[in-house]
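Next, two complexes with chain A in common: one pairs it with chain B, the other with chain C.
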Partner chain A sequence: MVAAPREGLLRRTVTAGLVAGVVLVYLSMVGLVEAFSHRQAVTGIGAEAGPGLLTLGRVMIGGAVFLGGLILSGRLSQLAAPSAVGRLMVVGGAALSGLIAGSVLALFVLVVSVIDVRGVFLSVTPALLDYLTFDQGPALGALIILMSLGIISALAGGIRLLGLQDRGAVLKALTAALLISLLEPLLRPILGQLELADVNRFLYAGGGLTQPAAAVILGGVAAASWAWARPAAPLRQRVRDLPGEQRRMIGIGAALAAFIGLLILPQISTGFVSLVLVNVGFFLLLALGLNIVVGYAGLLDLGYVAFYAVGAYTVAVLISPSSSAGGPITELVGTAWAFWVALPIVMITAALVGIFIGAPVLRLRGDYLAIVTLGFGEIARILFGSDALRPWVGGPGGVIGLPNLQLPVVGFQFTSPSQYIYPVIAFSALAAFVAWRLANSRTGRAWNAIREDESVAAATGVNITNYKLLAFALGGTLGGLAGALFAVQLRSVYPGTFNIIVSFTVLAIIILGGMGTIRGVMVGALILVGLPEALREFGEYRFLLYGAALVAMMLLRPEGLFPSRIRRAELHEELPPEEQEQLPKSGGGGLAVSAGPISTYGPGSQPGG
Partner chain B sequence: MFRRPRRITLVGLVLWVVRISVVVGVLAGSWATLSEGRLSGGAWFGLLTSGLSQGAIYALIALGYTLVYGVLFMINFAHGEVFMMGAFSGMFVAFGLASTGLLEDQPVLALLVILAAAMLTSMIVAVTVERIAYRPLRRAPRLVPLITAIGASLFLQYTAFGLFGPRVRRYPPVELLEGRIDLLGISITRIQLLTIVASLLLMIVLYYWVERTRSGRAMRAVSENKDVSALMGIDVDRVIVTTFAVGGLLAGAAGVLYAFLFNRVEFIMGVLPGIKAFTAAVLGGIGSVPGAMLGGLMIGMLENVGPQLLLLGFDVPSTNQLRDVVAFVVLVLVLVFRPTGLFGRKELI
Partner chain C sequence: MQQQASAKATAEAAGDFESHGLILQVQGLTKRFEGLIANHNIDFEIPRLAIVSLIGPNGAGKTTLFNQITGLYQPSEGSIGFDGVDIIGLAPHQIVELGMARTYQNIRLFENMTALANVLVGHHVRLHAQWWQVVLGLRAVREEEERSRRFALELLDLVGLPRHYADDLAKNLPYGDQRRLEIARALASEPKLLLLDEPTAGMNPRETRQMTDLIGNLRKELALTILLIEHDMKVVMGVSERITVLDYGEKIAEGTPDEIQRNPRVIEAYLGKQATV
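== the complex of A and B ==
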């Protein structure tokens, strides 16, 4: 790498350009560019009348190239000499890679403008071509693509050469502007409800930021970031110099403020915002439950949706007067108390189902456990939707007519999402508290031990079976709770909801945030559920995002965005090669059963034997 | 010698309850159905042939799981999507051939071209996934590549969704494959016959490859012990790529056959056959090539015959809906009671 720097530079540059180009063509072909092509990021840019040219689809393309240029120039600046020539090489390399990426996309445009591929690739429409070429026709459009992407990438290279403080300011300003523009569907109704119509009018027009607003945000954030990061900035220095106790207080205060903000938010915004939040809340509850099973105990459960379904169906059958059972609980105690009386039954049922599923599969190793639980999840979905169980759970039609959730003593009825958000928050907070207390308890430590090395844990006296069953039961309880809340909020239950994709969504949440941490789970739920819910452009592409997130996280940062300390240590415990050589080579049975770096040292097999 | 009585544990108790209820359920169900003569002999036979042809497809996919598991000890979760990609590419080639008229004039040649195109596509997808998603994780803890594989599976599914759309599509009609033929007094649809014959041929070729060729031997050596193989001069990475490629080829062929058999191509078509084929691989004993073949055939049969045999007698409505449950129940039962499967080795589980 260091021996032939120049050669390395060129190879990296070309590779980065090609990869970026392939990504651009992929985004276009798969229809993501088209999906985001209708909303403007900043209004009225480049067009005298009508919608501007800077739409989100183009921002996506430019942003991908910009990021690629930034990463590449980071690598290059490590390799290149810290001289004027070296700096020139960094910017030139970034520009070259942008040109290469642009030429790949331009080539794509030229090819599909000649050959009609719509019979195969549905998203490659004339509209897409017009969009990519700025309505200038393929030849001129290809040139525009080439030049603009080269310039964007060169800019990224230039930004890389700035000092840390300046670069941070520029990047933060760009990110902030993009976020505020992206979140228009959420922010605009909130501002509108706050009777800040003037702010709204200043910020947004036609789905995107207005030009003055963009300028103010860019300038403001850049200035703030610059002032904050100044080496001798008094504010930052003062915060740093605070004693640990006070810094923690500030952190807690910030968290409290955010929590209070969350409590007020549904009242000062529209139902849409609340609905997004309620959905995030359901997935947060699910993720907290799965986090106990996967994050704490290390048991990969891919059928977690089964508990969600069991919770929803149990509560539906128990309290809906139009269910097959006629809602026995509702008949017994009346609609006001029905949900609250049914809830313990639901949770116990879900826990029992957890034990029932867990018991037979406990002996299995991680990946088998995953497949079997996946099987259980599918069995649950098929059974709930089948005619065979129609007399009990309604078959494909599900159960309808659940009564509204009520607060019995006060006599309050929850009707809209902006009211349902409060029980969801309350139960999520409770679940988070339980999970937090568990993590540092004797039980939590036992789970840690099992996850890290089952044999050692057993040898030190941890009752493996019981602790694993406990994890399944607790995870199941939380899943059932989420299902019950989901059912009363929707006031109906359908088998189609409990798709396998729910399990994968929840898994993606805890993987992205960081297995085993509550903060990570919250951030994961917000990003992976909140963002696609708020941005309707995503549609079904959100699952593409989940898949990409799972792969990317495992490759780049397996411990997640907010890892727990233990987890990070576990995942980075790989031995240097010379130490691995000394491990026993054959019959590593003990190693094979544990969660160690097994793939290399697993005992042999003989296919066809 | 005095043997201390085993302590009865909760888990043990649950397992015994499951064991007993399975046996009782199977016996009672079969007796109830058979004694009442719910289905005619011909109907049972129809179920058997469709089970056999589906099973042959499961076997082809299962081989991909078992081969990869043999060398990497990893469940290639994205294998079902490799199968799906084969079905899609075969369909596009089929439409291309239909528009040139070759599909009508030379149906056999056209079918071979379709099959080859699908196998090639699936191979490329499988190898690409290995290169991008699995190779960097060779030394990571076990669950890491599994989660990556799940991610890759979702990613491929929704890539197909974006590229080809959510609509369910069909292959162009091929006259050669329509209708039934009588074979030794047995009536079977042509497409079922083609599926069974083609799958058997591919499996024979595969068996020959594993047992008789140099690269097959290299693969067996790698699955025995990677480090010793490397010391013997085997390029382990190349063998792993070859394994994925062979699995992909078989899955691509399975995709075309499946699409013809069920006349249905869509982006989520890989999920269920993928899991069922994995069940087949586990049933046969993961890592074992003949095991995967036999397991596939058995799953196909069980799935077609099972629900009718066990449930018709109890007057359960629409037993067909419960077909998919069968495979999962078999999976759970095998893993609980005989995790090594039919031909598997203890140390692999």
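== the complex of A and C ==
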């Protein structure tokens, strides 16, 4: 064992090991490890008969340590000298932190094998212990844990020492294999539907990737990544050399292909996939709306669910024959037109509610605004479930019996999620278009100015009252629209649906994706809503996942996954390398905007004024 | 430019406050903050197309006066007439619309917006696009946007900001250029009266000289009236035609630079507290 000579190195190593160890114990204690203990990552590894040992639960433990080792060795390799000794220190440090993490977990195993803590921690079962120790008993199992985690972490350190190109290939291959294995419950039915039974049989064998498939995926992705990242890779070079116009065409083409793929997907997959996508769509609509309020105008609204509820209830009362109002719109225009006639009313109602909520909080900023809107969200939920409004909206029982969504002239009825997905996509696209148009306009700039500095915005000529109310109204309209679609798809509305968690989820989507960008919102919705629904193992741990994702995000990439260029520059105070290259042509000698602190004195202003 | 025409138009439509070609007329202005009197009974006027400086020791109430003129604070007593309109009670953005713009002592740009976007926000009051027109992508909106963009770039040229800064975040600009950008943002609202709060604060002598030249040029090229808060006496004496001196919230002197330099009360106010000048 190479002890790190510098105190900083040793301290970092020990800290990383302890953190990883605590994470492992935590994952085990909450039951997440066991939830994934029945699915294999790759089948038949390490066992002659029966299920293999390489299950997803163990992959999770190993993966956490691997990731920890990778991050730690990245830090270490910055500190250590670029010599043989330095390299040894990086790998040794990673191994040491793996051993420390392993010893924490081993200690946990030893302790709980003696002391029964199931009274408090329900998930700490004998089955979990057997699983963690590979059925070898506490003593031998602890040793196995220790050694294997040490080796995994050392491997991560070794991978860190590889060149950028090789490292990228290895990591991408591992990620791809893991993803394909993880998404088995989603991919198998789709492949089945496509009558690609052969592919199915090649890839999956009852709860895991087959060994040949794993080999092909690992090898294939690694080779492709390696070839693409080669400094003089012909393919990448050719793409880069294309004129801007053509590159844009390729981008548009790719987006179009993805969109068409999305349109076809519900037809070639199971209803389950469609249901997940429909849910993602609702949250996408909500997130696009909240993005206007929070991302563009900087008004932190924690009660956004109120609009979702207003939209859902308005449409329900207007078109459901079994509502107390008897569905006046349905009576008036018939079931075919009901939704479409009700929709403008819903949107106007939601906009008015936005103004109604917005008006009293106009003078509040930041935290105060957040608290008050949080209250509004709760008020909405409680009101809709209350006895006071029971005669109109049905109290806890809600409103049922909404007619199906129909396309009037064609006479088409939407019944299943695989059909509802299309109006959801259409409205989401419309909302994204509206948000995109507004972003770079007089309106969007006025919002941004309010976000940056309210009083200066006012003194620069922005009518902050109007623009704040506009943000609330437009955000509310989109939220109401999402609620209306949600109600008509479910064909019923219950107050319990509209809890505070919806507000938080939508906000988390925006933060994860990158505040203020539309692409980021889409990816955020897919990850935070789609993933937990698609992987039922995660279902119970959804909020754990949100919390972990957000904390990790804030530490590692506070600008979100797909930030706008501006936001990225804001948080890192440097331009990405490719943009830096283009800058210094201007001739202005020390105009490096990139690295300087915010208010350095300019080395020399431009001559002439 | 457009200002000249509009300045003429409003001059014709001048109301009660308008007399002797005054663009700003402050009468009996008093501002109290919970017992503290920041401005006391100030009478103060600015002739059209003049450059007027407001000086006084720290804490004399200069910025408070600025904040009342631009509508950020409501005065406790007194009246403010701007270009023939009583502006007491108007919201800040309405005052901007009437043709007043300002900069800040401690630079207050929209830091996380690009330099160009900062100027475009300044142009906001002169644009007409409504949100629904933007969503529909009307041709008038696109043309207005294009015009506004060109106008903003011209303003960057005018204040001497290199165009390649246009897409940089405001906060990443060098200090002196941030001050210039603030002026460009103010000019974008096509003001008749420009209020500059210590435009040369924190600048080196060379930058200060450039800023002084810029202020003179702006008046000439844009037919502006300028009110200046400034501590650098070289700038004050060099650029302004009239000077108003505040001390402890009250006006203690008013006159041409020569008169002010000889005024015993001014000398006392300055030498008594801080031995500069």
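Just a few scattered comments:
We take it that the second predicted complex is superposed on the first by the 559 of 609 C-alpha atoms of A that agree within 3 Å, B and C clash if a C-alpha of one lies under 4 Å from a C-alpha of the other, contacts with A are read in each partner's own complex, and residues count from 1 in each chain.
Going forward, a residue touches a chain if its C-beta (ideal position, glycine included) is under 8 Å from a C-beta of that chain, and two chains touch if they have at least 3 such contacts.
Here the structure is a predicted model, which is why all the values come from computation and not from measurement.
In the superposition on chain A, A:G461 makes contact with chain C only, not with chain B.
In the superposed model, B is the one of chain B and chain C that contacts more residues of chain A. Contacts of A:R238 after superposition: neither chain B nor chain C is touched. In the superposition on chain A, A:A449 makes contact with chain C only, not with chain B. Residues 465, 570, 586, 596, 598-603, 605-606, 608-609 of chain A are contacted both by chain B in one complex and by chain C in the other.
Of all the residues in chain C, the ones that touch chain A in their complex are 70-72, 91-93, 96-97, 101-102, 104, 107-108, 110-114, 117, 120-122, 124-125, 127, 129-131, 134-135, 137, 141, 145, 148, 159-162, 164-165, 168-169, 171-178, 180, 185-186, 189, 202, 204, 206-207, 210-211, 213-214, 217. Chain A makes touch with chain C in their complex at residues 434, 437-438, 441-443, 445-446, 448-449, 452-453, 455-465, 470, 474, 566-567, 569-570, 573, 583, 586, 588, 591, 593-594, 596, 598-603, 605-606, 608-609.
Listing the residues of chain B that touch chain A in their complex gives 9-11, 14-15, 18, 66-67, 70, 72-75, 92, 95, 132-133, 136-148, 150-159, 161-166, 207, 210-211, 216, 219-220, 223-228, 271, 275, 278-279, 282, 287-290, 311, 316-319, 321-322, 324-325, 327-329, 331-332, 335-336, 339, 345, 347-349. Those residues of chain A that touch chain B in the shared complex are 26, 29-32, 119-123, 298, 300, 302, 356, 359-368, 370-372, 374-376, 378-379, 382-383, 385-388, 390, 465, 469, 500, 504, 507-508, 511, 540-541, 543-544, 546-552, 554-555, 558, 570-571, 574, 585-586, 589, 592, 595-609.
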